[in-house]
Amino acid sequence: MSRCIAILNGGGDCPGLNGVIRAVVRAAVLQRGWRVLGIEDGFDGLVEGPRCRELDIRAVRGILPRGGTILGTSNRGNPFRYPLTDSDGNISLCDVSQRVVDNFHRLGADALVAVGGDGTLKIARRLSHLGMPMVGVPKTIDNDLRETDVTFGYNTAVGIVTEALDRLQTTAESHHRVMVVEVMGRDAGWIALESGIAGSAEVILLPEIPFDLDLVCEHIMRRRQAGSRFSIVVVAEGAFPRGGGKVVQATAEQTHGLERLGGIGHFVAGEIERRKGLETRVVVLGHTQRGGTPSPFDRILASRFGVQAVELIEKHEYGTMVALRGRNVVSIPIEHAVNGQNLVDPAGNLAWTAEQLGIHLGR
Amino acid sequence: MSRCIAILNGGGDCPGLNGVIRAVVRAAVLQRGWRVLGIEDGFDGLVEGPRCRELDIRAVRGILPRGGTILGTSNRGNPFRYPLTDSDGNISLCDVSQRVVDNFHRLGADALVAVGGDGTLKIARRLSHLGMPMVGVPKTIDNDLRETDVTFGYNTAVGIVTEALDRLQTTAESHHRVMVVEVMGRDAGWIALESGIAGSAEVILLPEIPFDLDLVCEHIMRRRQAGSRFSIVVVAEGAFPRGGGKVVQATAEQTHGLERLGGIGHFVAGEIERRKGLETRVVVLGHTQRGGTPSPFDRILASRFGVQAVELIEKHEYGTMVALRGRNVVSIPIEHAVNGQNLVDPAGNLAWTAEQLGIHLGR
Amino acid sequence: MSRCIAILNGGGDCPGLNGVIRAVVRAAVLQRGWRVLGIEDGFDGLVEGPRCRELDIRAVRGILPRGGTILGTSNRGNPFRYPLTDSDGNISLCDVSQRVVDNFHRLGADALVAVGGDGTLKIARRLSHLGMPMVGVPKTIDNDLRETDVTFGYNTAVGIVTEALDRLQTTAESHHRVMVVEVMGRDAGWIALESGIAGSAEVILLPEIPFDLDLVCEHIMRRRQAGSRFSIVVVAEGAFPRGGGKVVQATAEQTHGLERLGGIGHFVAGEIERRKGLETRVVVLGHTQRGGTPSPFDRILASRFGVQAVELIEKHEYGTMVALRGRNVVSIPIEHAVNGQNLVDPAGNLAWTAEQLGIHLGR
Amino acid sequence: MSRCIAILNGGGDCPGLNGVIRAVVRAAVLQRGWRVLGIEDGFDGLVEGPRCRELDIRAVRGILPRGGTILGTSNRGNPFRYPLTDSDGNISLCDVSQRVVDNFHRLGADALVAVGGDGTLKIARRLSHLGMPMVGVPKTIDNDLRETDVTFGYNTAVGIVTEALDRLQTTAESHHRVMVVEVMGRDAGWIALESGIAGSAEVILLPEIPFDLDLVCEHIMRRRQAGSRFSIVVVAEGAFPRGGGKVVQATAEQTHGLERLGGIGHFVAGEIERRKGLETRVVVLGHTQRGGTPSPFDRILASRFGVQAVELIEKHEYGTMVALRGRNVVSIPIEHAVNGQNLVDPAGNLAWTAEQLGIHLGR
């Protein structure tokens, strides 16, 4: 029986989103003769309008290697707390979930594929409870989702940061400087840790391990005395100095000020310069980390996830989420997806590997 | 207690070998104060000489992003069937394994890390039976080893092929041609399959699925009729046409002749041209696939394997091999490593994913 | 006064074509309020139809980094010798240039920008003589056009080949082999020569210097004796062995046979193997060399050419072609563009540079 | 007659330095049988010691694709104003040029190749006046040297920035933000201008064109109203706001404060945010721009310069500098090299091209 699938992206963009969309369309249209509707700008497109367009084979041609998403992502986002403006011009957060349900039915779609991170999957879970036939596809560039070994986007981001570290290696030597590289990762330090290992960093600072700048400075000075002429320090944007009581207070204030100064990277660089008189330079890779063409790994994973989502719809297995476990793509209850974050284990194998390689983790 | 580790590479080179060497050195020298000896040119360096050099921290500086191996790999290779020339100039294959054991002991090393593929691991197993304290590190660019989810080198190779396919996509459209790309994979078609999916190929031919050229040609003609102006066909070097009885015989002869014509890629292209009158072009990526800087994924995996190998030596867990399982690096008996090959399952999830995406697998 | 420009691409595709189209549109539409019509599939689109579409700012958004061309290029091409089928089904080459002129006027366009190589520019010259207001933009991936220091596409191609050679360098060493890499260049050996220098080749064979395989083999053997374990030989597809009288005859036949064997690369490899018993491997980069994202150099040059073409139209300077001279974009009579080819001078500075670096040029 | 050449690098590092060193060694040793001495750490290595090492063919093997320099560059640098510490621990700047001359002669070298930028070439000129047989090779990543069309390093830097801009393009769209990218260029805005054109920036701010933030903000708002959801602003590190009298004064102070805030990029972003309430993000590419493997263009140019330097020595043409003019490598009196800087001409063809493409230059 012919069916109709709707698909949307939620949250920040991420290399691989187009791969999911393309795979859903090809598996649904080519293999099953179904229709696919692309919702524009995430849940916003279901609250308003609905705004969507038909996605045929031609619409997804050539998009696998492209970053971003042809559908756009949420601007305001959460239909359970959606910002609406009343007649007096005041904005209040309203539950418009029923409007989403109604609009979805008005589209005539049989199922909705929601591609997104923690926030989007939580919304998908609640909409599922309201009776909507949902299938989730996990997305997070930070690799902070549980229940899937990894998702697309993360591999690409690690590649971009590693490439930047490679470049710094060849130049740093002749400059006798400390290079501080600030990378993504508010809660989870995976990008910093993996790219730091791959890019031969000397120091990696993670949100999961509050750092001690005295130890970091000592490590850098020891390297100098051992004849090394430069150091590369990778700092996750969510990393923060260790401290208790008043120090935390002070740090919080500092942080506020420092955000305006360009973030934790500048803070760390400034402190190393202040304490040890070493010349430092800061690199802030920012959004370059979430752009560009997805790596083959991410394209394949995104394609597998998209195809699997269609398979789940065919089997009426709603309320589920696709996930990678070892070499297999599996489906799990969407309930499980959003229980806590996947953080770097300070006592785990990867952190241990880093320290075995002689990398200092700020502790 | 201070110890001494020897390390060697066997078989073809592969991006990530230097990462293993570096990780072994850093984990052994920096963290434990041990010594590391690098054996040159694989087992050859233990048969002759021994030829080796001390690897200190300086010796492995800057090698993580470099392809190839600073140690060289085996030329003649197998100490159980080693080619020796007698006084009359005749070459015969001799068992020189005792010489390897003796030379190893003469080095004063406590353990030997053997990094290699199927062949090297089998040798390591036999040497282990002779009482040598062995730890294996699996290596295969083709991803054809069992017992580890994946090894280093493969991810880089898929990246290189995908990049080539990306380039062909943009140019193929204006040329109305069939582009045939021959890639590595004698027994296992993983590189062809994964890079074909990532690079949006229309047809992928694998050693695991004997192909039917009539079906392939039909698929290409259907695409033409549907308005597509070009087709990209990825062929693993070990792919071969389906056939039985006499046809197989004929094929074997054909294959022999065709190897001299440039391999299976030229055969497939020639047949498509002959049968359908379509203009074809052949790309043979050859050894570019095993060269160049390892991907971050491969660098991290190589580093984890190297560090884990040192850990196994510290615990005297000899006769073992490191392996990746899901997110974890584990150790397994080296016996298990070499039981059969990891081939693409024609009925498995990845082949199914490809077909769901509309890719033709020649069947 | 508002005007209307038509633009078309002729000949093979080339990275940078989209950059010219985009620059023409932005300079014409944004800066002057003109209209731009994109002719589809080169001169074919003017012979038939005319087939064209309006190009506004949105139509060229995001195309600068994309290879290929959004307009397609000529299939049959030359309106002065255009293949037409009569009622009996016979194909004959006819002069349909008047139809091109008529169709062009029917479009209501004031000028035609023809982007292409030698063939396209010759057609542009003849159409110019028929009174059509033409501006030419030179395009050649082989760098074989005179009158412009270089055009877009070539820099990208050199980059792709060099990257492949880099990869071979790291892997070749452990394989003790001769790697033969066949690259583009039927008449002009620029790609082979420049990428060979950049990629540290040991031997480079060009169409401009008929090669002596004995000398090549000697050079390779000398390297071996000096301790070098491998050699990389770059061969332009148009390179051919030196010979006179009967030998040339034989060679011509050989060549014909060899084309079916996979081209000159396989011939050279086979000969080295046959004469010296060295193991060889062949890499045929083929169309990967003209695909993919244009290099920044090519994007900038394409953009400058496109903008300059619009400027020439504004000034009614028809019958001209844009060109790069040193740091400047200039305009020259289209007559001058097509006088002979830009070939590598065997006695020139670049060939001399290669030989000074110890590279063997087959002579 | 056998000769001996010394070579040193001065100033900051730059992709291509190793290419010059390699070319000098190969042209001198392989072709002429001369010797080459590599001076370590620039002029420092001639003041102290001398510190140098023999460079044979093996020493330069494999270095062409590597960034940085195997020789190191100057730390303190100028022998005419060299920081020396007296017995009381006071540092004073002394003329130690005679020591350089003496040390050079003690090496037994016949000529000195000095590879460097403006500063290094000025020193080379003065040493030339003292009778030292000097040949200069120009180096500048910023492209700010006159008398050569371009030097190596610059092309690589433009490539790195363009790649970052490409990545931002795909991600920026879904984030509705203004992305500010700070790039190298204290005095000359070439990197900002060329990479901005190649990377489809909307605004480019250069040291040569003091910018008016009101105009920049207006341009960004106009784009928004025209439906564009994001803007990319490229800022050279030496760009500064337009102003007169007191304003300049204030700006100078601001600049000082802002440097501590992370440079001009953060200033521009902060101002756009403050004035228009737009969300902004800053990317600071820093030293990633001068690292990594040199582009083929830079490798070839570096090789040509190195070979030409040896040729000049063979002809005893001292006091000269190599340079690129159009397609030719020429030699010019070193006197001419250091007359003023090569800056972007605000009225020139490239700035005009940018504006024709609709890029705003802040004026």
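Going by the order they are written in, the chains are A, B, C and D; count residues from 1 in each one.
Throughout what follows, a residue touches a chain if its C-beta (ideal position, glycine included) is under 8 Å from a C-beta of that chain, and two chains touch if they have at least 3 such contacts.
Bear in mind the structure is a predicted one, so any value in this text is a computation, not a measurement.
Although chain B and chain C carry the same sequence, what matters here is overlap: shared residue numbers make up over half of all numbers found at their interface. The distance from the centre of chain C to the centre of chain D, with each centre set as the mean of the Cα atoms, comes to 31 Å.
For the pair chain B and chain C, the distance between mean C-alpha positions equals 35 Å. Chain B and chain D, compared by their mean Cα positions, are separated by 41 Å. The multi-chain contact residues of chain D, meaning those touching 2 or more other chains, are 166, 169, 293. Shown here, the protein chains touch around one cycle, each chain meeting exactly two partners.
Residue ranges of chain C in contact with chain D, taken from their complex: 23, 26-27, 30-31, 62, 64-65, 149, 155, 158-159, 162, 166, 169, 194-195, 197-200, 293, 295-297, 299-300, 303-304, 307-308, 310-311, 325-329, 349-350, 352-353, 355-358. Residues of chain C touching chain B in their complex: 12-13, 15, 66-69, 72-73, 75, 160, 163-164, 166-177, 179, 260-262, 266, 270, 281-293.
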